Each structure stands twice: as structure tokens, then as C-alpha cells.
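Have a look at this one.
Chains here go by letter, A, B, C and D, matching the order in which they are written, and residues are numbered from 1 within each.
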């Protein structure tokens, strides 16, 4: 049977399985690797880890559900994650978040949706330059409401990232199956 | 506490450059630049200069270096807890910088991750560990890359490997990336995470220095702590002790956040006056706002009122005497126009989100604290609620495996106690709202 | 041993002897009777069964089971009434409710009314206001009548319906549970469980 | 002894082996320290934070379960500070507990309830909405999981990891969303699943088998021995005190035999005890007769035959006392030793063992029977799938002592059909099998729940049975029948 994972990803997974003292230690890096390629971690991926690589689904799911960075549902292509913890909040993160959410909602309503979702997350660790935000893996400092809108506009005009394309393709393929 | 006669009154912070020596140096992250500034000399001194592991431990003990992650435990003493007999031992660097207000470790990596790596190799030599990890939080994409790059360079230069600098000392290093959990900054939580489990802290005893990662002796040190080690080796314990106060030796990275004019990471000697730091070095609050309160050591430190910081110095003892803590050196400045009730709600939201859910008082208590503070914010509070929050938080303190519940209780007790009058306003608002509704 | 002398005073006996007292009593009766026959005084006697006596609302008569607003039985088969019953007259057989939000319900709920002492402990014990003692007091019947009240009888009988009406539906909602039973399994809650609350 | 340390708990001094915890010392002393996550059969989790005690010299309260006892340690479990800690620990457990005790099967034996009565705060200050979680999840053929009632003590997770090593359960999510469960509705499939319901201190895991059947306060327990296999686990047998109905078995701690656990097969050992699965009267030539008539028939039959024309077929499911009674009584009346056979299930793999408790020898008293036969110096031939030895024995009277636990004898019907072919075969047992009606005489006997006697397990540990009131009062145990037979024989003389 064909592997659930791409050959390159399988190689990575095997690399991680041998990299640490125990196979279990490789769960976190493997999940990161899957997410980097597929944009999220599906149930099928977890089950494939058990079937193909012998990692217990319970162990994997414990880790998957415990850490917030793993996405358990298919996301939009870009995630604007704005820190809402104390330092960023003091510098107006709430405003940034609501502006970004409103912008996304308005775009949705106007019929020209942007491939964005906006979340409030806990501390991103660069508190001096608040508010701090991530767009996927890119970090931005001093993200004022205007800056957030600009970020959304800039990214929306770019080509979608590879992971997002793969995610969309996977979902389309899954929808085709009975 | 002797606060007025601080020896550093009047000195400029730029004089103290132990960790921030490469500040402003172009291309600072490269190995060459690091070596130009004395990089890896300490490692050579240790490995080739005939220092025994005990010599290193004693030197670090003598320097008075204390853990910079928050608890301030003497580093040399911690290394001394590791059982002497040979066997697998691990050294882990805690780079899971997640405490709101803290961004000092990433600053070290941004300047030059080799400082950390050199410190780590020396520490590993001291405790006899042949494998070490840098545990980074997952959101630090840039920092992960910098550390990986530096480790690669160190391998290439022969500082890491089966035969470090040809001395026969074997040491391997790897990075491990977390995935978004504040609790992994707790040393045993970090170990659990490194074992590929949920980042839930482990019961003590046994302590990690005896039974840690995979049941083997393990030392977990903060980035800043380890990064200070090479300087101490190069310059000696006495040189290090010249900085700081008697019990809080050396310099520390202080990171200020909130609406200040010049936010950033400042290297200052311990014992530096807090007020001067905020107003002179950081330029005071944006727009000349008045200061209402300061959280001196990251989100989990109890707050200080503006009045309390008047003569406060920034060292372990002075903060402890004021009922708060130095923590990670994260100074969060709260201006007068922000309600402390909202601050409380924001902090409780953080702690509720980040509780690992293992111990009952913390799992249930953090959620409860958030619900109660949210009720007050939403105008559903009643007189006595602030006291209830402080009371519930008090019952969580010291009752769990790790100190997370104490951390949550820090603000949850201090804010209702010190700013009770602000809560009263919220209750009043409720009454007036009810009145308006008829 | 102490004795109490209860022998009657002969003097008293003579004055208030049976005959005399009986006659006085009969006299009272006759006077009242005459007054009431001629409508000079209102009668206290209720003409039962033509007229029904109205007891207070708190009267503890025959039991009935209350319903939820949607008409199903409120009882959750917790057995507390049966446990509390001093006469041990309540028999319950519990089963899995077809409604998953309720979980447990009585498949059988029977009260042996002949054993019941109408103490009301069942009502007291019920945590969900499912069993109440109704207004019915005339429970006489024939030997072959069914003396074990079944769940159907306890839930829907005309007499209670008529007298209690609306109150047969309990407004109490303590045991109406939320609807998470069919929610997703652990670990697959909404996206980004740590985000956006 | 040097490896003993002495500490004092509430000013009472106690010696425990070095390395013991305060909890173990307190248990030994009989001081109750409230706890949820600590279980003597599992590793220490230390997460419920309920077992707080004050140790002199330590600034904070310590958990008794993970604090090593040290020489001269002074522990306090009753001071106001400690009591307050217990009160609040319980309060934290309860603030998000659904309190659906009326429909919870655990009610009555729930540690949350018990501790609430003992150390509860009574006036909860929780006024906000509780956290909601999935309820009534189907997690296997034997269990129902209610994650809302769960207090996340992790006993079940540790049981799965440490005892059965199946690791089906995990705790997912974090903070107050943490939920126990299996992955994506997978089922718990092993022969020890009911232990999860036992060790669950609350009603999160409840047994499907017992679900909604009876409230536990109507049950009374009897200390007895499981007849399910030759391990002979110590168990408590639960009977409804009003209706005399048996509902379940639970393991009783016995370090020598079963520790804290028992298997799911053993849990079914109540099913054959209730009236609906039992015989109430003897059957002679296909007709119901009185017990007296039945015994008379046996008595008469023994008079007319010589000892070598009598065959006795034992199964190893009777008590040692019963085997002795049968052999002694027959020796007296027959003035000789009858031929003895031991009937073993043909599919049985006697030596197999699942590594935890369950053994291939599904008879509780194989060892006891062997010992009795040896003691009475009676040789026995084994009938295992091959009954020719019995058929060739030429017996004119055959006494068959059939198995009580018929689920251990899948080929029962086949064996019975061989027995009924014999001349005058008498069956002692409760089988509802149609074939058994063809026995010349069939006499019902008491089950393990109703008789007293001894089972000797595979390892030689002898345990006494506890006699509950019989379901059918006229039905007796085999040794009682043979005592009656003895009396009949005497009165005839």
C-alpha cells in the first residue's frame, strides 16, 4: 500500500526516529514535519504514523492535543497569530486582533475572501516590540492595526505557500472519495 | 534591604558588557566575529588548560552565578548535585522563553548563539554529560535556525563531536523544538516534552539532577546562565563578582515591555535601581504617562505599585523582600490609564490557557480564577469577589507539582490586594448599569 | 410498683350517668338536625361522593410522576425514593434512556399502594421533583383491582390531570443535561484549542 | 533493624522499611489520609494533591504519597492547616464535577462522595458555569466512560500502562479541557477491563455489566473465592440484600494470590448463581421428584452393587470437603473403593497462563481434588475427550459431578451425551443442558456462593468460601447430600 506520507517526508520521519535516544522523543519533530508539509495534522496522518512507523496513536494524540502549535483541523493558507499576552495587550494587541478579524470578515462578506485567519495566541517572546505577530513562520514586530491590515493585503497578493496548496489538494481528493 | 546606597548609582549601563559584548558589532552571529572577541578561549582554557570538572564547578560556585531563568538557584551548586560516577548524563538548555515580558534569551541567540554553545560545552564537561540539547520554543523560527547554524559551525570547528579540540572529551549537541506550551519552560516539564510526551512537570523527588531525562541525571540551565559561563571562565570568579550585589552577583539581562519609550533588552548589574532603569535608561513611559504598577519579573511575579518601586533595586533579595521576584528580569510597565482588573483578567487568561492540567488545584483553579475575573470585568462582580480571587489563588499556592500555580497566584493575590479600590469601581459600574436598566 | 386508683366517684356517676349524658347529647343532635332540616343553619357535612371535599394543596394523597416540558418522565431512576421508603413499596427497574442527554430513566416504576403509608418521604428524597403526592384520597376499590400502580398509571391518569393540570409538568431543570454526549471525541475539539476563547 | 525507620504520625510512632512513603506508613498505622490518585497497586502520580500532610520542618504542606518517610520525621494529618488543605483540594475536584450522582452507578461507593462527607467544604463558592465534556462514551464491550465525572487522577492510564501494558488510554488536551479517553473511539479490549471501573475513584468508568442494574447501597458483599480458574482470586461477591440476586464480583486484595486485580472472565462468575439459571428439583427418569426420593434412589442403587461396579466422575470444581465426603461415604456404604475418573474439558490447555492472573486450567480446585485423592489413596483416570475408559469400566452405577462453571466446558454437551449412555448414571449439577434430562437421575447442587468449603489454588494456597443463603433452600451441597445418604443407610439398618 502506498504510504500516506510523501517519500521526502517519510525520509524525514525516519531520520527523526533515529535521531533521539527514544523513538517517542521524535513525536514532536515528526508532527512539526508533517505540519510543515501538509499544513495540518489529520487523523489519517496520526493513524499512518502508527501503521507505518509504529508510534502509538495514544502517545501521538496526547502530544498533538497538548501543544497549541499543532493544527488539528485544516487551516486557511495564512494564519495571522497575534500575541494577546500582557505586554502586547498593553500596547494595543486587542485592537490589532479586532481590526484584522473585522478586515477578514469584511473581505469574506464582500465576496473577495482573503486566505487568512486571525488568532489571539499567548506570548510570542519578543515582548519589547509589542504587539508581536506571526504570519505563518514570519515574525512581525510592532504590528499596529494598520500594519496588520497591510500584512493581510501583502500576503493575500502573493502566491499561496506550498503547504497550503497541498492541504487544499488533499482536501479536494478526500472530498472526491465516497 | 540597602537600596539607597547601590554602588551602581550614576554609572552608565553600557559599561557592563558580559553577555552583550557583541551588541552593535556587524555580522555578530558569525563564528569568526565571536572568536575575535575571545570566543571559545574559555573552552580551550578548560579543556587544554588542565581544569578538572570540579575546578569548573568550584569556579562557577565562587562566581556566585545564579540561574537566570527565574528561580535564581546557584548554578555551581546545581551542577554539584549530579552524581559523580560515570554514566549517561544530560545537559539541557532551557530556551523555552515563554514567560510574558521575557525576551532575553532570544536576544543572546540573536547576538551570537556560540556564547551559549561554548557555555554548554563547558557545563557539560563539568557534569560529565556527553549529550546536550537546546530546547527551543516552537514559535522561535529564527532562533531555531541561528542555533542550528551555530551548532553546525561548532561541529565543523571541532568544538563538538567525539573528540572535542582533540582532547578526547566527547560531546554532542542537538536542538529540540517545542510546540507551544509555556509549561515546557519548567525544567521537568521540559524534560517530559523532550521525552516526546506532554510537557507535564514530573514529581520531585527524584530531582532531575539525579533522575531526569529518561531517568538519567540531567541538568537544565537557562540560556543566559550558560552564556555567562565562558566569560566567567575567561575572567575569573572575582571579576564576575565585581558586578552586582553581594548575594546577587554579576550582570543580568533585563527586558522591559509595555508602553515605554526605549523598550529592549538591557544588560545591567544586579542591584541596579528599578526606577532609574525605567525612567532614565528606557526613557520613561510613552507620552509621559504616569506609572501605575510594575510587574518586575515576568507575568508570574506579584505586582509592585508605583510607590513601591521608589527605592527598589533589581536583585533577587530586594524583590523577595518586597514580596515579589526577579524572575526572568522581565519588567512590565503598566501605565495609569489601564485598569488593573483588566490586567488581572489578561494574566488569568494566560495562566488558564497554559496550565498543563495535571494537578487538580491548578487545572481547575486557573479556569476558576479566569471565570471570576472575567465576571468582574463583565460587570457581574459583587463586593467580596476580589477577596475571593485572592483567597482561591492562595489555596492553590504551593499545592501542586510545579510552581505554575504559585505563578498564577502571584498576580491573582497581589492585584486584588494592592488595587482593591479598582475592583470597587467595577462593582459600582454594575450597580449603575443595573440602575440604568431600570 | 405504683398504683393509680381509677375507681369512679359514685357521686359523679350518679349525676352524670350514661343515660343522662346520652339524652343531653341526643338533644343537641336533634336540635342541630332540626335546624339543618329547616335550613336555619348551614351543614358542615360534605355530601360525598356527590360533593368532593377540597383538601389543601399540600395534601399527601396518591402519588403521581411529573413530566418534563416535552412530556417525558422526569424521573431518572436514582432509587432514592425506593431507598427512603419505610414501607418498601416502590419498585424501579432502570434502563438506558433513548434520549442521550438524560441517560437513565425508569423502565418500570411501580408503587404497591396497599403497602404505602403515605409518609411523603419519597417526595422528600427525590432530587429532581419527579414524584409528588397528589390530591387523590378516594382510593377504595375491589379486591381484584390492580393495587400496584404502574408507571403509565402514575404518569397519566385522568384524575391527576384534572386536578393538578399544569403542575404535572415540572419546571425544574436540574437534571436536563447539556448536549455534549455526541460531541467529538477527546483530542479533536475545535481548531487551535489554545487560541481564541 | 537498620533498614527500618521510625517516624511519628499524629504523635503515634510507627516503623516502616526504609524507602517507604508517608502514605504507606499512614496506611500501616491505620491513619486515613484522603487520596484519589494514589493506588497501592500502581505507580505514584501525585496529581490529585489531596493527600496533603504537614511535615515538621518543611515550610509547605507535602503530599503523603510521594514524600519519603525519614527517621524521626514528625507528620501531622489532622491540624487545621491540613484539614483546610483537604477541604480545598476536594473543592477544586468538585468545581467542575457534574454532580449527577442520582444517575451515576458509582454513587454509594464513590470516593468523591465519601470524602465530601468526611472532609468536604459543604459551602462551595463556585458560582460560574462548569466545564462541559463528553459523557456516556462507549469505550468497549465492558465499560462506559463519562469524562465529565472524571477527576483525571490517571489511575486508569497507569493501569493500562503498567498492569495490562495495553496503553489504550491517554489524557488528551490540557488545562481544564484535559480529557481522558481512547484514541478516536477505539475500544478497550483486554481481559482486565473491569478493573478500570474498580480503580476509578469516581463514576467516570462504570461497568456496562452493572450499569443501572442496582444501586450499590442495596448490595451486601461476601468474601469468597472466584471459581473461574485455578488462580482462585480472592473476591467479594455482591448480592442484593432484598431480592437475593447476585450482581457482580470485585477483587479483594490478597498479596498472595491476585494482588488488587481480577480478570473479566472471573467477573461473570455471578451469572450462574441466580434462580433463572438454576435447577430447583431433582429429575428421576425424566420426572420431577422430591429430594428425599432422589436420595433414596441413590441409596437403594448403592446397596445392590459391589464397589468395583460403581464409577465416580469428578470435575475439579467442587470443594475439597465435598470430594472427601463423597469418597468416605461411598467407601463406607460400598465397603470398597469405587473407580474414580476425573473429567477434564478436552479443549483445555491446562498450563497456559496470560501472564497476569488468568490460567488455562479453568477449575478452581484441581490442586485440592488431587490432594484429597492422594490422601484417600485413590487412583483416578483422566477423561479428556476420550471416554472409553469409563465406558469400558462396566459400571452399573455412575455418579457424575458436573462442572458448576459450564462456560469453562465448551464441549459439555458431548461429554454429557457419553455419560447418559451409561447404566444408571446420576448427575450432580445445575446444567440446563437438554441432554442432562436423559440422566437416570439428576440432582441440583449448591453453587460456590452458597456453600462453605475450601478451594486450593494452583499454587497450593487454600482459601475458604463464604456461604450465602441459598437461592433454593432445599438444594444442598454435595457433602450435605452424602451426609444425608449416610443417615438413610443407617436408618435402613
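Definition applied: a contact is a pair of C-beta atoms (placed from the backbone, for glycine too) under 8 Å apart; a residue touches a chain by one contact, two chains touch by 3 or more.
These numbers come from a predicted model, not from an experiment.
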Looking only at C-beta pair counts, which chain-chain interface has the most contacts?
A-B
Just grab the chain with the largest centre-to-centre distance to chain C, centres being mean Cα coordinates.
B
Separation of chain A from chain B, taking each centre as the mean of its C-alpha atoms, in whole Å
27
Go ahead and note the Å separation of the Cα centroids belonging to chain A and chain D.
51
Could you work out how far the Cα centre of chain A sits from that of chain C, in whole Å?
62
In whole angstrom, the CA-centroid distance of chain B from chain D equals 55
Among the residues of chain D, which are close enough to touch at least two other chains?
171-174, 177, 183-184
Chain C touches at least 2 other chains through residues 186-189, 193-194
What parts of chain A, by residue number, touch at least two of the other chains?
43, 59, 61-62, 65-66, 68, 121-122
Under the touch definition given earlier, write down the residues of chain B that touch chain D in their complex.
181, 198, 203, 205, 352-361, 363-368, 371-372, 375, 388, 392, 395-396, 398-401
In the complex of these two chains, what residues of chain B are touching chain A?
97-103, 106, 131, 137-142, 174, 176-182, 193-199, 213-214, 255-259, 263-265, 295, 299, 330, 332-335, 338, 343, 346-347, 349-350, 353-354, 356
Chain B-touching residues of chain A, taken from the complex the two chains share
19-29, 31-32, 59, 62-63, 66-70, 84-87, 89-91, 121-130, 134, 137-139
Quick one: in the complex, what on chain D touches chain B?
44-50, 52, 60-61, 66, 68, 84-85, 88-89, 91-93, 95-96, 125-126, 128-129, 131, 151-152, 171, 173-178
Note: in the complex, chain D contacts chain A through residues 167-174, 182-184, 186
